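Structures incoming, each one as structure tokens.
What follows is a pair of complexes built around chain A, which joins chain B in one and chain C in the other.
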Partner chain A sequence: MRSLKWVIGASAALAMAQSAQAQTPSASATASGAAVVLQPITLVKNTDLAFGSLVRPSLGSNTVTIDATSGNRTLTGTGDASLAGNQTPSRATYSVGGEGGAAFSVTVPSSFVMTRQGGSETLPVALSASAVAGALSGSIGSNGSANFSVGGSLPLSSTTVAGDYTGTFDVTVGYN
Partner chain B sequence: MEEKIMKTALKIAAGLGAVSALSGLASTAYAQASASATATGSATIVQSISVTASSNLGFGTLVKPTTGTSTIAVGATGSSRSITGGNAVGANGAGVSSAAFLVQGEGGSAISVTVPSTFNMTSGTNTLVVTTASTTTAGNLSGSIGAQGSFTVGVGGSFPLQTNTASGAYSGNLVVTAQYN
Partner chain C sequence: MSPRIRLAISMIAFAAALAAGGARAQTATATTTGTTSISAPAAITVTQNLSFTVLPQMINSGLTISSSALNGVNANVQLSGDQAASVSVPASFDVIRVGGEETITVRTVGPVTSVLFDGATRQVLGLANGGPFANPVAVIGTFDKGILSFSVGGQVTMANNLVPGEYQGVLTVIAQYN
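Showing the complex of A and B:
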């Protein structure tokens, strides 16, 4: 009779164990996987930065500025420099291409140096951009585009050596 | 209500036990006047097993290659991403993460976790097939029986990125299952 009790106990326990496992023999969970795929970003320079022709001051100093947004050329300072009209000034303009809707940032050096052709004299140019960040038009899955421009300013003094000055600067765009 | 069912179950079990005992007795009754034998009963009762996704698998933002095929891979643990082949680049590290699944159940119990070898991420009609890579998928839940134990499986993955891969935001489901052995 004692052994019978053992058997009863065992049977009941086994039944419980089996039903407990039958309810949840396994369990699952779902994680998401995600990736955003963008087409390469491109940057094309459309127009160079040009200050045009400038007459240096005989006295004092001046600053010539090409506005990044408007492209307007202005002269400031205490000197008597003047702007000549025989060359068309312009801001540098750029077109960005890439994934629609994607945010990007623009990296423009704060300054660069122009050197006189045939000489070694230099003019430092401070640069400014119309925007340092933006978003391409449209939405992801299609081509987007955006534009920005770069202006700058340079100092003129009575000792600035006359001549043609040129230099280059690199502008970079990248997805955020 | 549960008690009543239990009592009924016990009664049925008792009945079955009695039959077993009687038939056991019957086989030996011819040889001796009486005999008894003791069987050992045992049962292991475990709490339900559960799995929770504690982090998702993220590859972040990628710029597809202009030449060649790049393989984008995220390790099974942590949040490191590698790009091999082609000239694809990662736009930034945001959103890069391995998936992690927390299995919970009876402490000390042996369990196994099933991770699919691949799963799909889609963007519209476009599909990226992700080949998974995981940490060890079999082992014992921490602790010992009588307490809740846990076991974590990390899952990473990789997929190819080509020049003609359609750009877009891809997403998909990674379903992982755990069970007691």
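Showing the complex of A and C:
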């Protein structure tokens, strides 16, 4: 916005200069400009989203959730599914870098799909972020950083095909 | 160069700077992988119940009777699953006289048959044939995936004050994913 104001100001100065030049042989005008140059924003994924090992229910249905803030894995629903312990679950975690003090926004898709390896069966995964916006640490002129994380939830039923499932999704950050 | 031209050039240069700023990295994206491993629930099926045959002359004899003796049979259990699992059997359980309150304690003994494992016959359980299970609940072995079947035997001692009759009880075998 500061740059836009400058352009408008310069345009007004130009108009005045043209007007003045029509009356005098020569004239000069001085304009000043300012711009804020920000460091490029960067995003590093530290850990992937892992639901770990699950045992599907024999009856009913359940939902497995990885909490975006705590990383805790929970099981809800009326089915008798269980959480196995032979794989470590984790939320996805990210580090943002850029201009200190700058505000940024986080864009996470509402869902993505995981597909069974060696098959075509899919599992829909709903995603949630620990934050949709934030501010980098420090102040302008210095390097800033921030962290956030993404969790998700997936459904399990007695008809869920056993196997290893995987899928990808993109997370984007941008200066406001 | 006239001031007018200089100003115009300045503005063009500034516009170019703005355009360059627009191309600068204002967003950054990271691709994330989601994973999970889903297993079918472990299934357990009793294919044969444990039973003893006690002849009348054995009552009050003080003898120890095995389920594999005479016309008795061991319990046969079949497990299926797709993860490593542990199997546990209680060291003993009680049977109660039908129509009465008298009890007899049945001590379980180790598997006496080989184990079917992924289609191959292997002895993967930890006890030798006929060995007693430890108190109070013994984890008798693990299996990786596929089908595992084994038998559980029992022993009872014919006490002096034993009341004749039919006795029944429940032997609980537990299979659990590790």
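Operating definition for what follows: the second predicted complex is superposed on the first by the 143 of 176 C-alpha atoms of A that agree within 3 Å, B and C clash if a C-alpha of one lies under 4 Å from a C-alpha of the other, contacts with A are read in each partner's own complex, and residues count from 1 in each chain.
We adopt the following convention: a residue touches a chain if its C-beta (ideal position, glycine included) is under 8 Å from a C-beta of that chain, and two chains touch if they have at least 3 such contacts.
Here the structure is a predicted model, which is why all the values come from computation and not from measurement.
Contacts of A:160 after superposition on the shared chain: chain C is touched, whereas chain B is not. By the touch criterion stated above, A:32 is placed in contact with chain B alone, chain C being left untouched. Contacts of A:175 after superposition on the shared chain: both chain B and chain C are touched. Shared-chain residue A:41: touches chain B and chain C both.
When both complexes are overlaid on chain A, the residue A:50 reaches chain C alone and has no touch with chain B. Using the contact criterion defined above for the overlaid structures, shared-chain residue A:140 touches chain B, although it does not reach chain C. Touching more residues of chain A than its counterpart among chain B and chain C is C.
On chain A, the surface touched by chain B in one complex and the surface touched by chain C in the other have residues 3, 6-7, 10, 13-14, 17, 21, 26-29, 31, 33, 35, 37-38, 40-41, 174-175 in common.
Per the touch definition, chain A reaches chain C in the complex via residues 3, 6-7, 10, 13-14, 17-18, 21, 26-29, 31, 33, 35, 37-38, 40-45, 48-58, 64, 80, 82, 84-87, 92, 94, 96, 112, 114, 123, 125, 150, 152, 154, 156, 160-175. Here chain B touches chain A in the complex through residues 6, 9-10, 13-14, 16-18, 20-21, 36-46, 48-53, 55-64, 66, 72, 91-92, 95, 99-101, 103, 119, 121, 123-124, 128, 130, 155, 157, 159, 161, 165-180, going by the rule given at the top. The touching residues of chain A, when paired with chain B in their complex, are 3-4, 6-17, 20-21, 23-41, 99, 140-141, 174-176. The part of chain C that touches chain A in the complex is made up of residues 2-4, 7-8, 10-11, 14-15, 17-18, 21, 24-42, 82-84, 177-178.
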